[in-house]
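Next come two complexes, and both contain chain A; in the first it sits with chain B, in the second with chain C.
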Partner chain A sequence: MFPTPLEKTSRSWQISYQVLLPIALIIWLLPLIAVANFSIKPESDFVNGNYWGLPGSFEALNNYGKVFFESNMPRYLWNSLWITIPTVIGAVALSCMAGFALGIYKFKSNLPIFFMFIAGNFVPFQILMVPVRDMTVSLNLYDTNLGLVLFHIAFQTGFCTLFMRNFIRALPFPLIEAARVEGISEWRIFLYVVLPLMKPALAALSVLIFTFIWNDYFWAVVLTQGPDAQPVTAGITEFNSQFRAAYHLMSAGSIVAALPPVLMFFLMQKHFIAGLTLGAVK
Partner chain B sequence: MHSTLKTSFAALVAAGVTATAGFADGHASLSGELNIISDMSNPAPRAVMEGLAADFDAMHPDLTVNLTIVDREAWKTQIRNALSANPPDVVNWYAANRMRPYVDAGLFMDISDVWEEEAFDALASTKGAMTLDGAQWGVPYTYYQWGVYYRKDIFDQFGLEEPTNWEEELANCQTLLDNGIKCYTIGTKFLWTAGGWFDYINSRTNGYDFHMELARGEVPWTDDRVRQTFANWRQLIDMGAFIDDHQTYSWQEALPFMVNGEAAAYLMGNFAVAAMRDGGLGDDQLDFYQFPVINPDVDYAEDAPTDTFHIASGATNVDAAKEFLRYVTSAEVQTAINAGDALGQLPVNANSSIDDDKFLEQGFDMLSNNAGGGIMQFFDRDFDAEMASVGMEGLQEFMVFPDNLDDILERLEETRQRIYN
Partner chain C sequence: MSVTPAVPSTHASEPQRGWYKRNEIAITPWLFLAPAILFFAVYVIIPIGQSFWISFHEWDGLGEKTWVGTANYERLLGWGDQNMDRKFETSFWNNIKWLVLYLLAIPAGLFIALFLNQTVTGIRFYKSMFFFPFVISQVVVGLVFSWFYLPREGLLNAILGFFGAGPVNILGDPTLATYGIIAAGLWPQTAYCMILYLTGLNAVDPEQVEAARLDGAKGWKMLWYVILPQLKPATFIAFVVTIIGALRSFDLISVMTNGGPFGSTRVLSFYMFEESLSEFGFRMGYGAAIAVVLFFIMLGFITYFLYSMYRDEKGAR
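Moving on to the complex of A and B:
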């Protein structure tokens, strides 16, 4: 089932592996390399057809300068933060509480409610596009950060609750019983006993939701428009003017937009991987 | 108390302005609010629109101009909603058939009375494009010419002249091909570029009136005259006049062929000039000619997509809205907003002046004096939206597989019957 460790294979296989690996890696990363290369090219390179060669002139400062100082990108990044962070806080907070209730208490509709949370995950979100848009318009939340935040919280809570409930289930129940014997009220048990134990789950889930929401494009396009509320994923298209697409600026903008989740990933790598597998096994 | 003071002060200032600057025609009497929704969201047009609103506001002290700028693409889906629920006074849109849904739904105001004013004679070139059902529904503020942009240095190298008729055109093309240079670059990945070729060959073959009848769905696609258009087009395709694999390029991605000298010309809108200059072509290498005559019996018709202002039928301040339309169509304003440092396009008002740019000059002259047939708005604006999208797919397919013509025409004809009947 597991591949044979490399050290145990023949010498010729080891060599061909070491040769093939970088080649596969470069092919794999080619689109990213192209975007990085495009982002330091002058506009004239695109008119001349110099797509893959060295930049005609080195325009990194110029391009990134334009992205930061002559476009709405800072505003879009700011919007992204204002959409992502409240969503992470809201979804994680709600799902902690829901997970606690579903994981600790035994009541009749426990399982049905839990299944409803899970079932929400199986709804293909595209079919919600029209009703959600209509609802947002009628609530006067269309084209606002709040509208996007509320929807994201509602939609992410399903997955988060599944995650949290299973994590809390795995905690040793005697801890809670012991606290009850001491006569501690339920909400203090949640706050002082369960919550501290959930730190790894909180960290993992926050990182995961942060990248989910930051990278969301679909709902950003459906529920917002213009620099007042749109996050950076949707705002990138601003570099398309009426007639021409500014590939160099779009590339620079994409790199800037991709940095926060990448940074998040590297800084919180451990939690991220834990997040993907936590709750997968009980 | 405070507000009364303020208004009376404003009135005083207005009176002063009227007296000194000689505004004697009641401009200052406009009052209330004027709500404008504009789709001029790209940086340069945005600055133009904000300038227009601010200047108009300053000219009319009692009037408050509220400007909302909406993303140009988003506006295409929002306009209906905006016009029906809580309508503004003035909106941006496009000329010709693109007005049709809003005219039919009664959402645009009939402003034929404004067009009857003497000052509007200077806008005659686009009057047809602003007319539906015998009435005018808006005013133009800018347009740009289409035509053939070519490498003058390559033409000179092989002793070629700008062609004026189809025979010269084909002869030029043959010379270029014999020397290993494609006659035309084009990128049909996003389809619309092929629409430009159809507009020109069809209107040069059958005339403006026939082209518009086809656009309105009054002529079947299987008509022999349409086939003649495709037969003319096919002459170029069979020669190999267009670059290979053009269906994989966007219009921008087709530019390198011309900049690098692998193709000699590009049928395109004037916006291509800025890109070609960025690519390093100087004005000594680049020139422009009007699409040549095919059928000498029909007059020149030109593609010149026109952007417009309209009054919503639910407008609350109609007087101010009409005055705003008079303002944006005046020769001075059109000169200013179309200048190279603003929109960089052509003013529609024939009394306007234009920047010292050889392409703008040629285009302005061509559209003002040499487009007797009429002004087309481009394939995807003149034809019904759904017809245009099916149609442009057909045109692209024809350019790649000209033998499929019968299939394509039948498909387009089916679509026409479904849409227009």
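Moving on to the complex of A and C:
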């Protein structure tokens, strides 16, 4: 293990490490702690210039209540949900199948297609922006959740296929051969042999895509406008202009907007990290 | 599961093996690939071509496109007797700054990973809290940092004041603003690199480390000659995601400064958006030309990434 395990180091370093750890964490999260502190402060604190001290009174319920009951925030959250969940289902479904095809079968254009998916995943969004927006408008899907969902499914399929294909590649191939010898048809092999083995990959991808899509801002701005279809990342700017300079409300709003992926991360931590670090170990 | 494509029912044709059954292994992959390829082609591959086409036109996004040849590129890059577009120049150099400084996330991530790679009680909690910034959307990171930087209310100036340094208005100063945004971007990116290295360190071969230790290697030498070579896959991924992340920077700039002050924080991706979809007008053709230039910058890196992956693929056979 590297660096040297703590048990084998000097007593003084062991103590300093235990002291350093929480200090480092507080410094690391300082901007966030400041915002969390903002979000539970009363308005009077900002008037009196008590910006970073302890809150004058505890106003969390009040501030967060305003976010939920006196703004469009719930509507934006609802939109985000209706953009994120269909995208997760669609992208995972498409990439399961594509990953199966690329991971199991040998055919000439296998690698070129695989590399097309990877390369497409890396292109700058801006080169897609004008045509995709134009197409969405002409399909009458501008400013709808569906318009965003379709694009997100398509784009995320690139990354998801890379993920799924590599995962399926690592499955024991003799299993599939055995099933073939038994005379099981190919799509049944997919359904009953491969798919059940892919559960960890499905879980990892779902949480990752959930986070990516929830946090998307660029496409939300390009393909939607106004509270009818805008997700929370784009809505937060409108929210902030509604409560201009009311830092206690703006910070409460931001925390609400950031929360769902955070919950997802803490609930599914193992899968989340397994997904992100795929390929970091040979 | 309702995810299977419309595959003809096959189990009924047992007595006489039908055409599908005989060619099943050749056809199945294409049936499975069809939906993904269709979506990807319509929304990713074809639009790339369309953007190239649009970049040779003048177009407001609604009316007819007017063919202008390479005029957009001439104006942008200053070919012939024109000067290079000043905004483009600023954006390009800011992109370079982003690229170079964003790479700091890799050593910083490695450093934190080494710091946290211990087995004391509660270390799992620390690891996930250090990783936490990556999960938050860039929009919120941008807001958090712009409040952190506020000249009067911000915590940064409170801390600087404590050490006797004068208040700085980072986002209001054209020479500092870009660096302030990059610092905000480094926060989640470092967290990402950290988690990559933590996973990598977990898989480092303990026997090699012990052997090196017996040979008297320690500290920097151990890190450089024994540990880092084993972390190569993690470094590669950290490199890929950091480069892509640097060139994709848009959210932070849009939220923190909206390109200002005086256009000093624009990058190509932001400038492109501004030209084609903001109150400054709908110049889609010019915007597409900027996107094409950005695409070619990215293409250099993409080719390198794909080449490395291709080599690994070949090696794995």
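The working rule: the second predicted complex is superposed on the first by the 267 of 282 C-alpha atoms of A that agree within 3 Å, B and C clash if a C-alpha of one lies under 4 Å from a C-alpha of the other, contacts with A are read in each partner's own complex, and residues count from 1 in each chain.
The working rule: a contact is a pair of C-beta atoms (placed from the backbone, for glycine too) under 8 Å apart; a residue touches a chain by one contact, two chains touch by 3 or more.
As the structure is a computational prediction, the values presented were derived from the model and not from experiment.
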Partner contacting more residues of chain A (chain B vs chain C): C
Touching partner for A:16 - first (chain B), second (chain C), both, neither: neither
Chain B versus chain C as contact partner of A:57, first or second or both or neither: neither
Touching partner for A:243 - first (chain B), second (chain C), both, neither: first
Touched partner set for A:140, first chain B, second chain C, both or neither: neither
Partner chain(s) touched by A:226 [first = chain B, second = chain C, both, neither]: first
Contacts of A:46 with chain B and chain C, given as first, second, both or neither: both
Common interface residues of chain A - those touching chain B in one complex and chain C in the other: 46, 237
Contact footprint of chain A on chain C as seen in their complex: 1, 3-5, 7, 10-11, 24-26, 28-33, 35-37, 39-40, 42-48, 50-51, 54, 61, 114-115, 117-120, 126, 128-133, 135-140, 143-145, 147-148, 152-155, 158, 187, 192, 195-197, 199-204, 206, 209, 218, 222-223, 226-227, 233-234, 237, 244, 247-248, 250-251, 254-255, 268-269, 272-273, 276-277, 284, 287-288, 290-292, 294-295, 298, 301-302, 305-306, 309-310, 313
In the complex, chain A residues that touch chain B: 43-44, 46-50, 225-226, 237, 241-245
Interfacial residue positions of chain B with respect to chain A in the complex: 41-43, 45, 70-74, 78, 250, 252, 255-257, 259-260, 269, 271, 274-276, 278-280
Residue ranges of chain A in contact with chain C within the complex: 1-6, 17-18, 21, 24-25, 28-32, 34-35, 38, 46, 51-52, 93-98, 100-102, 104-105, 107, 110-111, 113, 115-120, 122-135, 150-151, 153-155, 157-158, 161, 185-187, 190-191, 195, 211, 214-215, 217-218, 221-222, 233, 236-237, 240, 247, 250-251, 254-255, 257-258, 261-262, 264-266, 269, 273, 276-277, 279-282
